[in-house]
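Here come two complexes built around subunit A, the first alongside subunit B, the second alongside subunit C.
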Partner chain A sequence: MWQYLLKRLLTLPIIVWIVVSIIFFVMRIIPGDPAVLIAGPFATPQQIEQLRVIFGLDKPVYLQYVSWLRALLRGDWGISFQTRSPVLPLLAERLPKTLQLTGLGLVISLLIGVPLGVTAAVKAHSIVDYFSTASAVFWLSIPAFWFALILQLLFAAKLRWLPISGSGAGMWTLDNLRHLVLPALAIGLPYAAQYLRFTRSALLEVLLQDYIKTAWSKGLPHRSVVYKHALRNALIPIITLLGLRIPWMIGGAVIIENIFAWPGMGSFVVQAIYNRDFHVVEGFMVILAALVVITNLVVDLLYVMINPLIRYE
Partner chain B sequence: MNNIRRLLKSALGTSGIFLLLFFVGITIAGLFWTPHDPFEINYAKMFLPPGTPGHLLGTDALGRDLLSRILYGARFTFLIGATLAGISVLIGTILGVTCGYVGGLYDMLVSRLLDVTLAMPDIVIALAIATALKPGLISILVSVGAIGWRDFARLARGETLRWKECAFVEAARAYGASSGRIVFRHILRNILPSIIIYVSLYAPLAILTAAALSFLGIGLQPPIPEWGVLISEGKIYLVSAWWISTFPGLMLMLLILALNFIGDALRDLLDPRLRGWL
Partner chain C sequence: MNRSVLVMLCSILSVGVIAVAQPQSGGRLVWALYEEPPTLDPIGSTLAVQHMINDHIFEHLCVFDNEGRLQPHLCTDWTVSSDGLVWDVYLKPGITFHNGKPVTAEDWVYSLERTRRIGPRSGFYEPVDRYVAVNQYTLRIVLKRPFPRILEILTLPDAYVVDKDTVEAMGDSFGIRPPLNGTGPYELAEWVRGEYILLKRVPTYDHGPSWRTNQGPAYVEEVQFRFIRDDNTRVFELINGNVDITPFIPASLYDIVLAAPNITFVEQVRNMTGHLAINAKHEPLNNPLVRWAIAMAIDRESIVQIAYRGHAHPAYILCSPSQLGFPHDSYDSVKAFYPATNIELAKVYLEAAGWVDNDGDGVREKDGKELRLSLWTQLSTEDRLMGQIIQSQLAKIGIATEIVSIETGTFYGALVTQARHDLALGMSGYPFAMDFLPFQHHTRSIKGSNYSFYDYELAPVIDALLDTAQLLPTEEERYAALAEALKFIGVASVYIPLVWPMYPLAWKTDRVGGVEEVIKHVFKTQVDSIPLDCLEYYIKK
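So, the complex of A and B:
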């Protein structure tokens, strides 16, 4: 177990390195000169050349890569072309708000999706089942960015229950949490449908097993059979899906943050994309790659906690 | 034919097919005729609400007829969805089958690339690539296409590995069949049902991702009335003119719903074991 953990921890930076390298080369090889964009429409060729030297864009790509990688390790993630300030602090100060948003979105999706999926599986082919699985297809078909707008329209503009966009001061103030509700719903609800479908399938499969029949025939109470014997065994595929979807939620947050003007990394990165602010986009990718790898590791460790049969030797 | 009849028997499949036919119908209609010129700006007719005579779905901030714009824009959604599905299937299947069949270093390299990139969220990869390209149709196709092939490659590779050890493939090889014949005649034919299921489930995702890119302003550009662009155009007027974003989004949702219905029905038909897992 510990050996496995150590091995995983050692491969962690390698995977991050590969992802980051792919992103770097994709962004450099494809045409588009950031120096021209920074300089603006009235710059002379000399001024553009000057900027290229300052940002190191005049050097060959492989040299840029080596110096970029070295700087990355030192914590110097380059300068944002837009704000002319270091990238790492710019992203780091926005990271908590993104994590808060996706965190709440995740909680919402699980709290709605898993219990509904359990109910649908236990009462398979009942009205509850048909209704929840049918509505799941609806939720999976909704364009997330459009759904976000509809939420704004209904709950902020028409009913005036919640603020339409922006955020409050601090992290856990009432004002900030009120701003958080709508974007978190916009992220969480479509995923709730996925967890619903998945929980239902996973549980249905387990409920057919012999040991569940044994549990029923022993006369164990309903709650004990469903939650202790069945759901526990159905959790493995659910957690696998969870591990795959958490990074996706963070990715989806890019769009949702943009719509709700939520001051996380996402809204900042979209701005950076418009302005071809390479270093910011790359920095965002590095953080995301690290989050993906950490999520995978946590999921693997969760397997062991849930199912003692799995031991990583 | 028999399969199509069975597909029509399932309520889900039937409603999906009829919905899709409706969308195909309005797309074809939109190629030849729209109630008004979708690009004509008329400041006398700004923000007319839905139900105004002559403008069933109302008009936008520049007085353009929303219904005409939606009808005209349908072609982009179909074009993008179909092209992306085609590109992804082709590239993914070729890579996957060759990996599974040839194996060795080539297989290892492609598989590692798959593992690493599959960990990243689709939309983020698409965003990164779209950043580097000039916004437009090509940039959408490249950036969304760059994520789509991976699922097909993984599927085709796994299936190829499974089938290539089968007795009938061994037999064909013993008879002296060439590799090309084995791949096309024996392996591809057996993989096809799984690929069809994946296409039907992938197409809606591709359309949604492409629309999201246009919505963010890095896909198709205004004044092209692609549905993602239309939704984004209405964003600023959400409070005063709710219909500009609402109707295109509703259309997009119904189209995706139709495709998902068909995908689900196809999956039940061709491979019931996968129910709920895909």
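So, the complex of A and C:
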């Protein structure tokens, strides 16, 4: 097990390296010259060329790659073309807000999706099941930005229960949490629908197994059969979905951050893509790739905890 | 177009009940801006939002007053040598940075050299040979050639005085974190990335321009700039009273703002001109007959009504009425040099150029090749609609167009460095036509901001007129030369004027005072260009 963990941890930098290398070359292949964009509308050809030299964009791409990779290995993530300041602090000051938003969104999606999925499975083909399934289809069908706007219009602009935008003062303060509610719901509810659907179908399958019938026939309490015997075995696909969805949530947070003026990494990175601020995009991808790898590792470890029969050698 | 027509253009759409209140000190003014500047280092970017914030913190040698006249600000006077090459500028004594350090000629030399050497607008300062500190309060500007507009140029958004010690001590963090240590009415107190910038009033500020009703300190205690990219969110925040003022509202949301109580909404002609750029490098667009035909096929009214929902004005020359240097007195004679809409004449020109629809498919041909052009647009709703309208208008004269809609980064890369377009929709401008026109039309800007690639026929004449205009001693003579250049630019028809868009400004009437005073300025509602407007605002109690 420890050997497996060590092996997985050692592959982490390799996967991150492959991902960011692909991004490095893709960013340089797509049309759009950072020097033209940064020089602005009144730039002379000489100024644009001068900026290319300053940013090292006048060198062949493979030389740019080698020097960027060397710097990255030294912990230097490069300089933002836009701000002319180091990339790492720029991303680091936005990362906590993105993690806070997606973290709470994840909690909301699990707290709503899993219990509703269990209920729908246990009471399959009842009104509760039909209602839950129909709600899930509704949440999955509506676009995230539309749902976010409706939440904002109703609860903030019209009823004035919650703030329209911003993140409030500090982190995890009451003010911050009030600002967090609507964007977290906007992120969490569509994912809750996915967990509801997955939980229902996984649990339905398990509930038909012989060992569950045995548990019922032994007269075990309902709660024990459903939650201890059935749900535990149904958790594997749910956790797999969780592992896949966390990076999606971080990526999807861009739209929600934009609508709620949430000061996370999303809108900053989108702007960096538009401005061809290469090092900011590459830095973001390092973080995202590392998160994906770590999340998948945690998911694999959770498999072992849930099902003792699973062994990693 | 005379000035009275301009005033009519500057239409006030809705004015709520404006409470008459005396300016008072204190309070927090909240601006909503659509984007966050990457830095507040004056040489960091060319973004309008950066200039708007920086103009609270830093100051210039001179500023333009309400009537558009250049006035000394951090200087008292200047003298010019007989050959026009040496300018001695006498600095106002007693001006200090926010940390109390006196501003001297050495600081100006450092700041302006930094701007000239590494700033994004360094091209503007090309006539400058060097800056010299003659003594503590005399700054000498030595020019390579006579350039009467040098002090005008030093009002650009990067020609502020900065403190060398602060810049060097802060290193990479200068412009990113406090302190900025300027000389203006406000100092940077806090920057929460992605969310807001908070400025605090400098209580000792006392040197506001004489033409401002308030010379300082500013009335408002704190100014917060919130960055709200989403248009709907910005409008909701304004209506709900969480934002006091915002200059950026898309036409699609005007009705919502107009229906809200206690909001005054003003829109005036912007200092920009929306244009159709023609890549005149290759056939068939290197033929003036084809370019004139394209210009004559365009009906600007339908663009204004459909793409801008009526919130723009048709543009007939390549200079906006809100730019300093617009030929108010000779507008009609300048306009006469730009091809007017005339579908039948456009068809005649195309036939004269050899383009005829032989097979009756609606697309003209010449030497077996169809007249098909690419039309590049950016992704905004207005641009895409304009693209479709122009596509249908050109189809009427037998030109087929393929619309390529792409995001800004790819758009400018493709146009400027690769010249991949035949036609492209653009929007450009600047408060001063004298600076803007050379950047868009001079051949030395090709592969820079001139993506017409037009360097033949009338180009040498246009270059000469634009260069001459810079050298003439009086403003009258300069603007007259500029008007002549505009005529030749019209005949060349490599940039076809389409629209003058509007610049909206909305504010909470029950919260904010002083806005009426601010928009008296010649730049009207374009608050990102009005110098030291921050001195006039106040919060009503």
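The rule we apply is simple: the second predicted complex is superposed on the first by the 313 of 313 C-alpha atoms of A that agree within 3 Å, B and C clash if a C-alpha of one lies under 4 Å from a C-alpha of the other, contacts with A are read in each partner's own complex, and residues count from 1 in each chain.
Just so it is clear, a residue touches a chain if its C-beta (ideal position, glycine included) is under 8 Å from a C-beta of that chain, and two chains touch if they have at least 3 such contacts.
Predicted model only: the values in this text are computed from it and were never measured.
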Clash-or-fit label for the pair subunit B, subunit C on subunit A: clash
Which of subunit B and subunit C A:292 touches, first, second, both or neither: first
Which superposed partner A:149 touches (first subunit B, second subunit C, both, neither): both
Which superposed partner A:116 touches (first subunit B, second subunit C, both, neither): neither
Partner chain in contact with A:48 - subunit B first, subunit C second, else both or neither: second
Touched partner set for A:281, first subunit B, second subunit C, both or neither: first
First, second, both or neither for A:20, with subunit B first and subunit C second: neither
Which of subunit B and subunit C A:86 touches, first, second, both or neither: second
First, second, both or neither for A:104, with subunit B first and subunit C second: neither
First (subunit B), second (subunit C), both or neither touched by A:259: both
Selected from 96-104, 114-122, 132-140 or 186-194: the stretch of subunit B that, after superposition, runs into subunit C: 132-140
Contact residues common to both interfaces of subunit A (with subunit B and with subunit C): 30-32, 149, 152-153, 157, 164, 258-259, 273-274, 276
Subunit B-facing residues of subunit A, complex: 15, 18-19, 22-23, 26-27, 30-32, 137-138, 140-146, 149-150, 152-153, 157, 164, 197-198, 200-201, 204, 247-248, 250-252, 254-255, 258-259, 269-270, 273-274, 276, 281, 285, 288-289, 292-293, 296
Subunit B - residues contacting subunit A, complex: 116-117, 119-124, 127-134, 204, 208, 211-212, 215-218, 231, 234-235, 238-239, 242, 245-246, 249, 252-254, 256-257, 260-261, 264, 275-277
Interfacial residue positions of subunit C with respect to subunit A in the complex: 35, 38-39, 41, 44-46, 120-124, 172-173, 175-176, 192-196, 226-230, 232-233, 236-237, 239-240, 242, 407-410, 412-414, 416-418, 428, 430, 435-436, 439, 444-449
Contact set on subunit A toward subunit C in their complex: 30-33, 36-48, 79-80, 82-86, 90, 93-94, 97, 149, 152-153, 156-157, 160, 163-167, 258-264, 267-268, 271, 273-276
